[in-house]
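Look for chain A in each of the two complexes below; its partner is chain B in the first and chain C in the second.
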Partner chain A sequence: MIALYVVAAIAVFAAARAILERNTGRRFPYANVLNFAVAGSLVLLLDHPITLIAAAAYFVGSTLEANAIASTYAGGMKR
Partner chain B sequence: MLGEILHILAAAIISWILFVTVDIFFGLPEAGGVSGATAIAQDIEAGGGDLSGGTMMGNIVCSPDASAGTLLAACGVYVAGIPGGLAAALMVYIGNRICHDPGYAGTTGAVLATFVVYGFTQVGFAASDFIAGMVIAILTIQGLSHTHASRLLGRLWRIRE
Partner chain C sequence: MIFELQVVFGLIALAGALSAALLKDPYAKLIALGILVSGALPFIVDRGYLDVAIVASLIAPISTIFVLMAVRRAET
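This part shows the complex of A and B:
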């Protein structure tokens, strides 16, 4: 139970840091911590094998989104 | 209650050592896997951090690395034991391919973490301790001070070099 509170508190902290950070590039690591915390809290809240697939899908999806946004921020794909 | 807090802190230290070792072994601080990772590294360096450490942090953001592997493996062991951890490793592998990552840091980290987490569940730890522990471990790298975290990672990378 403490594990869930720890993870939830870190999620709120990371979200606040991501909002308060002014530099776009440095926002990504905070959002990354938030993604870790949300994926972890999903599994801690719903102890079921299918939750693992949901958490992994959420995590991979949010990482791909961060990847895409960061690469757009970097100037997009060089063709 | 105190015992669980101590277990979570111990799990955080174990997870931290595991994922930093695997990521540095696979050379994540060497180069940005995608242009976004390089851009994050440059912004961290502009803020007073280290470019190599920042590159590793950018790579962690842009593709599931050993830290993501450790988290999902702990989640897998929590819901379904060793088969769950190995299923998580497969999903990290698919995630790496989706995210245009040619490396195997995430998959290796997930497989290693599966056995590490399972081993610790045999000596009194709960897999949930490792879920919270890994979130604390990633917080220390990505969420507290980018300047100090990137300098520490850069120093570890230069030792490996």
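This part shows the complex of A and C:
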């Protein structure tokens, strides 16, 4: 139970930093931290085996999203 | 769900929606869309709709990538 509170506090802190940060390049690490914290809280929320698959799917999807945005911001593929 | 966690994730989803509406930079808008989805998804999981949660968490990045292609075309 205490782990859920810790993970939720990390999620709030990361969301606040990701929104309030001035420089756009500094938002990306905090968006990643928020995604990891939410993935952890999804596992801890419900006591059911398929929750693990849901958290894994969210982890894969959010990491793909964050990396796509960050690589496009950094200039994308050079061809 | 515990009441404090409902407040926490609701605040995250609301902050993501507000910042997606108000921020100017397109990349910051996309990050705010990710924050919005990550705030809304624990409510779906908490009710037990795990299949809906799996599908939503796999489809949301695809929509973000489509918007990202439009952002990149508008920049150049």
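Just so we're on the same page, the second predicted complex is superposed on the first by the 79 of 79 C-alpha atoms of A that agree within 3 Å, B and C clash if a C-alpha of one lies under 4 Å from a C-alpha of the other, contacts with A are read in each partner's own complex, and residues count from 1 in each chain.
Methods note: a contact is a pair of C-beta atoms (placed from the backbone, for glycine too) under 8 Å apart; a residue touches a chain by one contact, two chains touch by 3 or more.
Computed from a predicted structure; not experimentally measured.
S.K.: Please work out whether A:E65 is in contact with chain B alone, chain C alone, both, or neither, and reply first, second, both or neither.
M.R.: A:E65: touches chain C, not chain B.
S.K.: Report the partner of chain A that touches more of its residues: chain B or chain C.
M.R.: Between chain B and chain C, B touches the greater number of residues in chain A.
S.K.: Looking at A:I53, would you say it contacts chain B, chain C, both, or neither? Reply first, second, both or neither.
M.R.: Both chain B and chain C are touched by A:I53.
S.K.: Between chain B (first) and chain C (second), which, if any, makes contact with A:L45: first, second, both or neither?
M.R.: Touch partner of A:L45: chain C, not chain B.
S.K.: Of the two partner chains, chain B (first) and chain C (second), which one does A:T24 touch, if any: first, second, both, or neither?
M.R.: A:T24 contacts both chain B and chain C.
S.K.: Report for A:F36: first if it touches chain B alone, second if chain C alone, otherwise both or neither.
M.R.: A:F36 sits against chain B, while chain C stays out of touch.
S.K.: Once the shared chain is lined up, is A:Y73 touching chain B (first), chain C (second), both, or neither of them?
M.R.: both
S.K.: Look at A:A15 in the shared chain and tell me whether it touches chain B only, chain C only, both, or neither; answer first, second, both or neither.
M.R.: Only chain C; A:A15 stays clear of chain B.
S.K.: Kindly list the residues of chain A that each of chain B and chain C touches, one partner per complex.
M.R.: In chain A, residues 4, 24, 28, 31, 48, 51, 53, 57, 60, 64, 66, 68-69, 72-73, 76 are touched by chain B and also by chain C.
S.K.: Okay, in this complex, where on chain B does chain A touch?
M.R.: Per the touch definition, chain B meets chain A at residues 1, 4-5, 8, 34-40, 42-44, 46-47, 57-58, 60-64, 67-68, 71-72, 75-76, 78-80, 84, 87-88, 91-92, 94-95, 98-100, 126, 128-129, 131-132, 134-136, 138-139, 141-143, 146.
S.K.: In their shared complex, at which residues does chain C touch chain A?
M.R.: Those residues of chain C that touch chain A are 1-2, 4-5, 8-9, 11-12, 15-16, 19, 25, 27-28, 30-32, 34-35, 37-39, 41-42, 45-46, 48, 50, 53-54, 57-58, 60-61, 64-65, 68, 71-72.
S.K.: Applying the document's contact rule, which stretches of chain A touch chain C when the two form their complex?
M.R.: It is residues 4-5, 8, 11-12, 15-16, 18-19, 24, 27-28, 31, 34-35, 38, 41-42, 45-46, 48, 50-51, 53-54, 57-58, 60-62, 64-66, 68-69, 72-73, 76 of chain A that touch chain C.
S.K.: In the complex, go through chain A and note every residue touching chain B.
M.R.: For chain A paired with chain B, touching residues are 2-4, 6-7, 10, 13-14, 17, 23-26, 28-33, 36-37, 39-40, 43-44, 47-49, 51-53, 55-57, 59-60, 63-64, 66-78.
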